[in-house]
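Chains: A, B, C, D and E, in written order; residue numbering restarts at 1 for each.
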Amino acid sequence: MYSFEIESPTSVADAVAALGKEEAQALGGGQTLIPSLKARLAAPSVLVSLKNIDEIKGVSINGDTVTIGGGTTHATVAAEVGSAYPALADLAVNIGDPAVRNRGTIGGSLANNDPSACYPAAALASGATIVTNTREIAADDYFEGMFTTALEEGEIVTAVKFPVPEAAAYIKFEQPASRFALVGVFVAKYADGVRVAVTGASEDGVFRWSEAESALSSNFGADALDGLSLSGDGMISDLHGSGDYRAHLIAVLTKRAVKAAA
Amino acid sequence: MGQLGARAGLYDAATVRVNATGSISVMVGAHSHGQGHETAFPQVVAEMLGIDESMIDIVHGDTSKIPFGMGTYGSRSLAVCGSAMVRATEKIINKAKKIAGHLLEASDADIELKDGQFTVAGTDKSVAWGDVTLAAYVPHNYPLEDIEPGLEETAFYDPANFTYPSGAYACELELDPETGRVTIERFAAADDFGNVVNPMIVEGQVHGGLAQGIGQALLESCVYDENGQLLSASYMDYAMPRAEDVPFYQVDHSCATPCTHNPLGVKGCGEAGAIGSPPAVVNAVIDALHSGGYTQVDHIDMPVSPHRVWKAMQG
Amino acid sequence: MHMSDTREIKAPREVVWAAILDPEVLKQCVPGCTEMTGSPEEGFEATVVQKVGPVKATFKGQVALSNRNEPESLTLSGEGKGGAAGFAKGGADVTLTDKGDGITELHYEVEAKVGGKLAQLGSRIIDGFAKKMADQFFTNLQDAVEGPADPEDAPEAEGEAAEEGKKKGWFKRMVSN
Amino acid sequence: MTKVTMTVNGKAVSKEVSGNTLMTEFLRDELHLTGTHVGCDTSQCGACVIHVDGQSVKACTMFAGEAEGASVTTIEGMANADGSLSVIQQAFQDHHGLQCGFCTPGMVMTAAALLKENPKPSEHEVRDYLEGNICRCTGYHNIVKAILAASGQDVSGIAAE
Amino acid sequence: MPKDHGIGASQKRREDVRFLTGAGQYTDDISTYGQTYCVFLRSDVAHGTINNLDTSDAEAMPGVVRIFTGKDFEGIGGLPCGWQVTDKNGEPMKEPAHPVLAQGKVRHVGDPIAAVVAESLEEARNAAEAIVYDIDELPAVVDMKAALEAGAAKVHDDLDDNLCYDWQFGSDQAAIDEAFSNAAHVTTLDLINNRLVANPMEPRVALGEYNRANDESTLYTTSQNPHVIRLLMGAFVLGIPEHKLRVVAPDVGGGFGTKIFHYAEEAFVTFASRQINRPVKWTSTRSEAFMSDAHGRDHVTKIELALDADNNFIGLRTDTLANMGAYLSTFSSSVPTWLHGTLMAGNYKTPAIQVNVKAVFTNTVPVDAYRGACRPEATFQLERLVDKAARELGVDPIALRRQNFIDSFPYSTPVAVEYDTGDYTATMDKLEEMIDREGFEPAARRARPMASCAGSASTAISRPAALRRRTSWVSSARAPVSMTPPRCG
């Protein structure tokens, strides 16, 4: 690793100030960033650890909204969200492995927006609101392509607000080596319609499958998806699966998610 | 194997060093990298001498301590190096019998070794292992003209032939026709390893081989692009088998036809699991596809990934 | 990997051709380019900073123009070393077809390759990323020549030229004046 | 360089470290606790799993500075007070749950975390929990069996012994 | 009563106690006084000419003790291949030079170009990045078939082509031709034995130490066979007499073949420690291991089985391309030949067998033995082929195997070896008993592999998230396979 110093502020305000330094970089759970640093693929001069900021940790459930602090670990989400939003807890408990879940955070995952990560699918399918130190961003406006988000330099995800759906499920088909999603589909049914978000598949990162959404909004059953398919163009193609295969999996997994949710 | 072109020999060597108080260091050329030599090798020497394993230590992995050795590979440790150890221990027994014969005032031809006691055949005259070893190093009243002091022997053993274990393996799996994903449900391996020194270790060797073979069949692959860049060059893309990729295995080694040309009658076991499992898995996949009506699929190259199965099903 | 695309640029072929040969335009077009010096004849030295998720790498290398067949076709090639990240190389065969009415059809065939850690760790995303880069390059070129479809998307070109570009396409304006 | 203070296997330690010192480097190079192993550089093999404030973490994917004030347990701190093997360690030996021993510290630490969370896991739950721990020798059979045995469950019905 | 000691006892392992308490001592756990750290600058292109290699800036960086390049190894031996194979025309195999550090050319991604020795690992890494070099990339040879075509780029300029040897073994041409011309049925299969990486969980490590007082070198290394390393490194590479060279392999964290071979890094740290008179340690990262540990398998094979009208095997022939990678690793040449060809009889009394192997150089990491060392490759070919033959003939695959089992011992195969003992029928009986007992799919289904599949009940599966809902059919199947004999050298 290149050398850098770590700062561990205890408030969002201090963290934002620290991130204003040249070549400063926020450190969430570090489960993606630290391996990248070890490979010398980044050279920040200061890492600003968000671990000691209590105000961005924890889960609160208020009526139909689950609010999760940006610094909340996957393990905590898995343990505490289950009663209010079981599909989200189910997603969290299948991210990475236990040790990764004890460190990795929802804010870190959403800020990174890895095209194969799980949380972006949940946030987009839930129509979640990403809360930062300066503003609130609707999920539909937040994700801007792989590894790209609406976040400005130095902006911190402080919380994510999930409206609780009537029914939802996340089905992940794992890439056998990394265990990231080769394809993951999150289906969430709300009073005003169904949202379907797909991760792992597109070269543009997480996206909504609008044809499936309209079909499911009028008939929330797997049969509503009969005959619907996506093109493999623009889908990730790598040694684990072609774009066409990923497109095929999206259709299969969406049906399974609908069945699991129903 | 020199006649086949091997520039190094394929023998192995062992030194059995008996200390004055009867404890033993066995310097072996084989070098364990997980196979449990420190446990299995003393079992053989203990059996031959009738003493407790705790008196015997294995020394390996250091050229300054070991006469010579070709190392551990090719399922060879016990069959080749173990045989050298047996030969060296036989030399120890021969010399110890001479010493015992002297102490018991009997001909060494009449001395029997059982349970760590040297006995004059047909009598109740006996002397313990420790008394003999002490005499070897503290040679008062010792026929120095006939017997050298000390009790240390080395043997090199060059096998006359390979050993030929064999086995029959079966795999039961489920194939998800929508995604192409294969899940191994059951796996059975019946092997003939000849005689077995430590069944627990032998079974562990088969388990590990099975996981590597299942890994080759379903998961693992080294992929280069057309420019020679290695794409599967970390655990992010090279799929190592994990606990949930494999089932509990059923393994058996009760069909035993001992090897005829090494003194232990053992055959190699370390590689067996990795040898039999890949075809068992792929045959089962093809069988599953045929039974599901995909009779056009003759073969799928390994690793039989979900993507490849799906492609094969597309025709 | 191989990529190709065709796009229509609302400018005469000579204008498009001249833009490609202009170091300032090239610099604006190469995504992440922070420095470019040199000439079309001698080639350019370039510094490019790329950030993908947690990865941030600075590539130093050369950009060259070859096979020039004015104003119909040329080859644009670049290669850069990114230190610990490895290297990236790419070549684009560009053909310009005059479609009349001041419209030029630009077609490109890109061959790109990466090596080192980028290839070792990035196989999942590298194709998509390369496509995005190629697309962005030619979008930037188009914007530079004809002005962006949406002024907000204009590349942050410097000073007055950028301001003008928002109306018209700063390069087109410069050459047509 | 900053000073970090933490408790490791019950002993207070205090050392100057640089920002980029990983927990694995701190344990292995500074404290000479070489039982925590490094088997990969992408945070997947799990040979380096330790407990930080009672939770399993990958020591290769955490900076020493982040453990300020924490209570850390490594494989060296897992045996009973009298030096005898703990229940989990003993189960690994009894059921031949290790061969080369390199992944073993991480396996034991992960198993301990599992049994704390879930004292009677099913076979599936054990295998699922081991997702972040790679073993190349055992084929996992005896590791899973050892963990089930350590949880007090009857493993005599599991094949092959 | 099972035995509790001696031969046949399932004794608990004594080595476990240290491994379970963190007290094992692996090579990376050893650090010595005055130790320096080594980092290799490795090629990131598969094939190229090194034009310019300037270490002067890097030498001036903090903590750098010395930087070595190929120049430092001019006149010093290369890594030898330990097995001579003679090809079918009586010619010796082509054995290109395999330098410790690249001499003018790089031939695979990961080929070491230079080595930095510094006071700390990070300083060594910093300096390795600061080395200025320029490689003229040449076309890379990756695919074996393409490598053998006329006009293909050459991995080694001093060789005529990319063929290491063309080896033939077993029955003579007349016997094979006769078998196939008499065949009532011929089954053919084209297949690939996928390239693997052994991946022992402990990455390789080498620590070289030099004692000026007695001119002795000690190498601590992650090796399966320290004496072989001493012999090869002392006699063939560095010219150090054995009595001045000690090789120690402490606890080794798995090997599976890949730690048999003598590697450049072992020779380097031994050499460098003598040059700078300080210990030099190299610890591989996992990413580095993928491009510097010898790989395994990587064969492309066409195999054909001739059967008579009664389904007896009467002839077998194979054509294999075996990837050697860019250089010959220690035992690479023996793997597709003597360790593979001699096992092609498998468990079957096929009277005529001919094995053809072309070993090919490519711009990839060297390939050598990996657990099984070509017995898996041989077995995979044969057992897949037998299964395919059974399907084509509409007979039970187990019955076809049983019918052709070797049933009297000793048995001399057409591929040079003599099996001393075995009882393949009894082993297969045992297997069938096990699978009935353990609740495998009933034999009736197995015997009718073409029957349509009724969806079997789904049993517990590993990742509910992935396959929580399964619709349509789910197939269960098994295909017993008898295993060819492995053997020990």
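Assume contacts are C-beta pairs under 8 Å (C-beta built on N, C-alpha and C of every residue); 3 or more make two chains touch, one makes a residue touch a chain.
Everything numeric in this text was worked out from a predicted model, so none of it was measured.
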Chain hops separating chain D from chain C, counting only touching neighbours: 2
Separation of chain E from chain A in steps, with touching chains one step apart: 1
Neighbouring chains common to chain C and chain E, by label: A, B
Pair of chains whose C-beta contact count is the highest in the structure: B-E
Centroid comparison with chain D (C-alpha atoms), farthest chain: C
Maximum centroid distance from chain E, chain identifier (CA atoms): C
For chain D paired with chain E, centre-to-centre distance based on mean C-alpha positions, whole Å: 31
Centroid spacing, where centroids are CA-atom means, of chain B and chain E in whole angstrom: 19
Geometric centre distance via CA averages, chain D-chain A, whole Å: 28
Set of chain E residues in contact with two or more other chains: 10, 12-13, 15, 45, 109, 122, 129, 199-200, 252-254, 256, 286-287, 290-291, 438, 462-463, 466-467, 471
Junction residues of chain B - those touching two or more other chains: 33-34, 36, 178-179, 181, 200-201, 209, 212, 221, 223, 225, 227, 229-238, 240, 244-245, 250, 252
Chain A: positions in contact with at least two other chains: 1-3, 37, 39-40, 173, 178, 238-240
Chain pairs in mutual contact under the definition given at the outset: A-B, A-C, A-D, A-E, B-C, B-D, B-E, C-E, D-E
Residues of chain A touching chain E in the complex: 1-3, 39-40, 90, 94, 169-174, 255-256, 259-260
For the chain E and chain D complex, residues of the former touching the latter: 10, 12-13, 15-26, 28-29, 31, 122, 199-203, 251-254, 256, 285-287, 438, 460, 462-463
Residues of chain B touching chain D in the complex: 33-36, 200-201, 203-204, 207-212, 234-236, 240-244, 246, 248-252, 273
In the complex, chain A residues that touch chain C: 32-33, 36-37, 39-43, 112-116, 145-147, 203-204, 236-240
Residues of chain C defined as touching chain E within the complex: 83-84, 86-87, 115-117, 120-121
